[in-house]
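This report refers to the structure that appears directly beneath it.
A, B, C and D are the chain letters, set down in written order, and residue numbers restart from 1 in every chain.
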């Protein structure tokens, strides 16, 4: 459905952020994109959704195809109309508008008739949003905001959803709740999801395939189950020290062991 | 007597302030060129009416259409490339725009006042001991009408909602498939219309001359007192400013009106920073 | 091989933090700095350049640099917009002028109070807007411009018509000719520029930059936003006041016409074109816009004769349009101004033979 | 005047004559902190008396492990001042290696740098009962370590201070007791064969080598130099001679990682770095210029040949005609001088390479750019044997013989050395000493000959010298050196020997530059293993092989090659600490690969077992392609 081959992204023409990233997102699957801060995960998402252009970023090499058509030169609005909706990190809701207005805007590109029925569908998924319909989203709790965001994205009936760290800054319980909903979305609505996450454990659990990125390049990829077993992933992303027991901060060494991506 | 004429002018200021609010609501940019768009719109109307010789109504429509096109053009040429840039560069560009507009007007039509043209039949009506000119009555009516239309537009239409969304964040809206460019274009176009209509009315009452841009500056305090975000606030702010301006210049004389308006602006900023109708800014870290 | 900074040249190292922070690090730089100063000082005596017209232009640039520096400190470093800079310049000019004309204070005694007066008035206008986030300062400064011009016109009778001011005197030398006044202007400009440069490298400068980039984070770090924004505005208006005082003592005549709203906009254009947040940028911007204005003043009237259908007064309109659009082009195409272009050239030279 | 035949004596002398002059400098948080001779003296005095207080007698061995920092430098002098013998170890050596060395040299104390080394020592604590105390100088992270055996530098200095008050003058007295003939340090050479051997080196031997270096490369007091090699390498002790004997200021880089930047800031007069570092410098330069803009690239391509021409003429001692001299002056100003400035070598009069083979191409490249690169030949056991003098550089030799170094060539073309600078035998292994020292002559194990201008020519290690089935003799290091000149190849091992009739090579690609090359051509890759097996990368390396083959005699041409999916790594015992190939170990480990190369197979499944730093094992299985240089595998076209 979505294929990136050798995508290279530069900010302001100088700073090389992505150095030849290639990945595939098959139809109806959940694909996870792991990596530490600054590995280039969010940039990859923004390259796909075209939002890079508003930040002086541009795709300088390689290509991004979505259902056959190339979309790396297309305006963000057109890309969204083709069914790729990005849920940005940091719970970027429209603060001063109410939940309902957020959702209505979400369905802006859909025919007005269907907006009403879609709204019901979202409320079915997120009952808590129904109570807070008329509240100004600025005053909602973190979890509720995240739900509103995902709901807003669902309003556009996307064929591909780009979720950027949905679990950031949320309590574990709410993270579990949101992940459950994401899984239901993929199962019931057949939505394809590209999930960017720091929380590797949760992401690996619900995704079918996963890529690991490090300073602008994919350094490891494979089925999520296999990756969860991989030595280095356990060491560096799942915080499992030697012999599988959990690492605690007291043992942190002042020197850094060299990663062996062999 | 001063009260009435103040209210009349106030309506025009309100209308122009509406244009200011439109731009702020959609792109959080303080449009310093609003006063000069008024000037340009007025001269356009004069051009259609006198040099081209169109009948009154037709000239007005042509001027308004040109006003819309002018506003949209400004957005298209300059602000479009600044979408990702910090706010400061957008605001400074509007400041330079005011220079360019003033320059264009003085280049095309020279710097001396133009021959007087009345937009509406000139007659006076006596109401009790007060003499009212039809001009200002029509202006008053028109201003209220425009404000009403805009209020409805913002509350209930899709584009209005989208406009309020764009002010929150360009990227968020783009990610939802809403063309931020088109929304900004429309909002600048409407601001152009408001400025042109204001220009026509002001021109017909005070005459077409460069000084009009100075009056146009009054739109800013009017909009601010109203709260920068709400159309109703802009109209009420305009009326208030009109009132103050006429009373102060009546008693103090020598055009004390304009500075007085800004004194009021600064006072309101102290008392109610978000104006009477503006909404509290939500800050979340 | 990690990214090695290639400046200063190899072999230059500092064994104390003071040495590390010096602006002039290498011998070559010191040489160039001295040569520059000597050239500037000797300028009035170089036959080719010392025509009165050139000197008047240079003095104008010097004063404009001082005022623009103040504006860049506020807008470039602290992120607040000021559209009434020439009004505060006027306050400084008239205060220093009146002190001189009516109380007989010599220039040296009246210039600083002129600056302080401007800063005082600035603070009065600044307080309401500085409390708020966003560009409200632009509104109050616009208001200041209009209110102060009105007061000068109608309020204080003496200033409306303009009054004479004695020239600068220093131990017998009367600086009344462009040759002589050039040195006063040069001294002030260099002094204020150096002060600005070091100011911005100090703790204060860093606080301004923090406020510009993310005022919520700055507040979180314990920077009292209100105090620092007000301080930045005070410095900006102080610079304007000094510039005003200098202008008045140079022209020996204080009048309203040289402090209009249009001038304020020119100052804004200068720092946008020159480069926000850079001292060298301010100097580039001032020179660029002033030269452009002179050019149009020459071309304008000629154009008026040739294109006869243009109405009277078209020349001034042409200047507005021409320079206004240049400023817009810079604002849109090169937001970081000429200073950015200058730093690219410098790095190209420094990185030779490598590319990065 | 007591005979100044040990570094501590020189230290005492220097403190007396110019106590206030700067002796050392260290970069700390961006600023170079200076230490005067007085400071150095004070530090060494307190540390030495502290050690004596702990029970150190003269002749005892003390281990020293850590990066090259002033504290280590002072510790070395303190041990020698108290008559002790320094046993220096590489900071990145693995715990079992350290255990063997400490046991073998029965060291009584160990001075370690930081938490990393302390952790390793604590791990092997049971196997080194002889060590009574472990002293560390960088306390970061060690605050909660309760082990009684641990002690900080401050505590040691405190002990020293107390003892100094109790017995004033004891330090000077102990220093003057030491003799030049006493052993100064035991250097464990990792050697390319079995277990490390501990070469005992006396003060006289070190000073002799140091004096030779200073005769050929004299430096004035107060000039700046920078340490580049760890305390464990014997070169470090000769280098310290500059500090003690000519009072040259030694600068210590902040971290091993920031070495290149610190070199640039100091622009040292004398600089010795390993061949691997010269190779990476040259490939960095070429990559960066290739990435630079069109103008810079074309100027470089235009003027480089001028540099080559003049360098060749100079090394053949021919006069440079006026035309070329003018052109060279232009090239110097436009490209070479700025380049040297970027590399930080503007004021470097003596750029040196040593301890391993560096192919002539590199010498020619650096000389073309105006860096008069020279070779020093010597070893732990033999001391400094030969060096290039300023005006007498010949790219094919390893320099003119130094005064006092007598050299003879045995019938098997082996270089024999004798003179004051050779070592006095292997610690606790007399039988190994006999093998190597016979009637005063040390058998270096290197093959070579003495040229006509008194220059020593080095070919390769004796046991590496090999010959093909057809009887053709070849030196693997020579071929490997030529191949390493290409910026795409990081390491290479030549394979041949009597049972084979042609040569083949196993290559480690340079991940960074090939990665860039691949990105530029849109070839997507993920890991090192994946990149190394790409068809396009194979062709790229084949082009380099053909280039080198053209310069080799036809029988010695490389026929087949394989790109290894993992880098040679010292942690797995494949390289010595100075990055030299451990050939026997590699032949054994990759036997299956080598056999399949010669069976003509084009693919071999390879499961290479990877040892993580904390001892855990991991498997990496890849199918490794074997390619032949000439399509038909037949005779070279």
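Keep this in mind: a residue touches a chain if its C-beta (ideal position, glycine included) is under 8 Å from a C-beta of that chain, and two chains touch if they have at least 3 such contacts.
Source: prediction; values computed, not measured.
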Taking CA centroids for every chain, report which one is farthest away from subunit D.
B
Using mean C-alpha positions as chain centres, tell me how far subunit C is from subunit D in Å, no decimals.
57
Mean-CA-position distance for subunit D and subunit A (Å)
48
Report, in whole Å, the distance between the mean C-alpha point of subunit A and the mean C-alpha point of subunit B.
43
Give the residues of subunit C that touch two or more other chains, as numbers and ranges in rising order.
none
Looking at which chains touch, is this a line, ring, star, complete or other?
ring
All pairs of touching chains?
A-B, A-D, B-C, C-D
Under the definition above, what is the set of subunit D residues touching subunit A in their complex?
114-116, 119, 140-141, 144, 518-519, 522-529, 565-566, 608, 610, 612-614, 616, 618, 620
In their complex, what parts of subunit C are in touch with subunit D?
1-2, 4-6, 9-17, 20, 351-356
Give the list of subunit A residues in touch with subunit D in this complex.
5-6, 8, 19-20, 22, 61-62, 217-221, 231, 242, 250, 253-255, 257-258, 260-262
For a test of understanding, state which residues of subunit D touch subunit C in their complex under the given definition.
25, 30-34, 257-258, 260-261, 264-267, 280, 284, 288-289, 291-293, 296, 299-300, 335, 338-339, 341-347
Subunit A touches which residues of subunit B in the complex?
83-84, 158, 161-162, 164-165, 168-180, 279, 282, 284
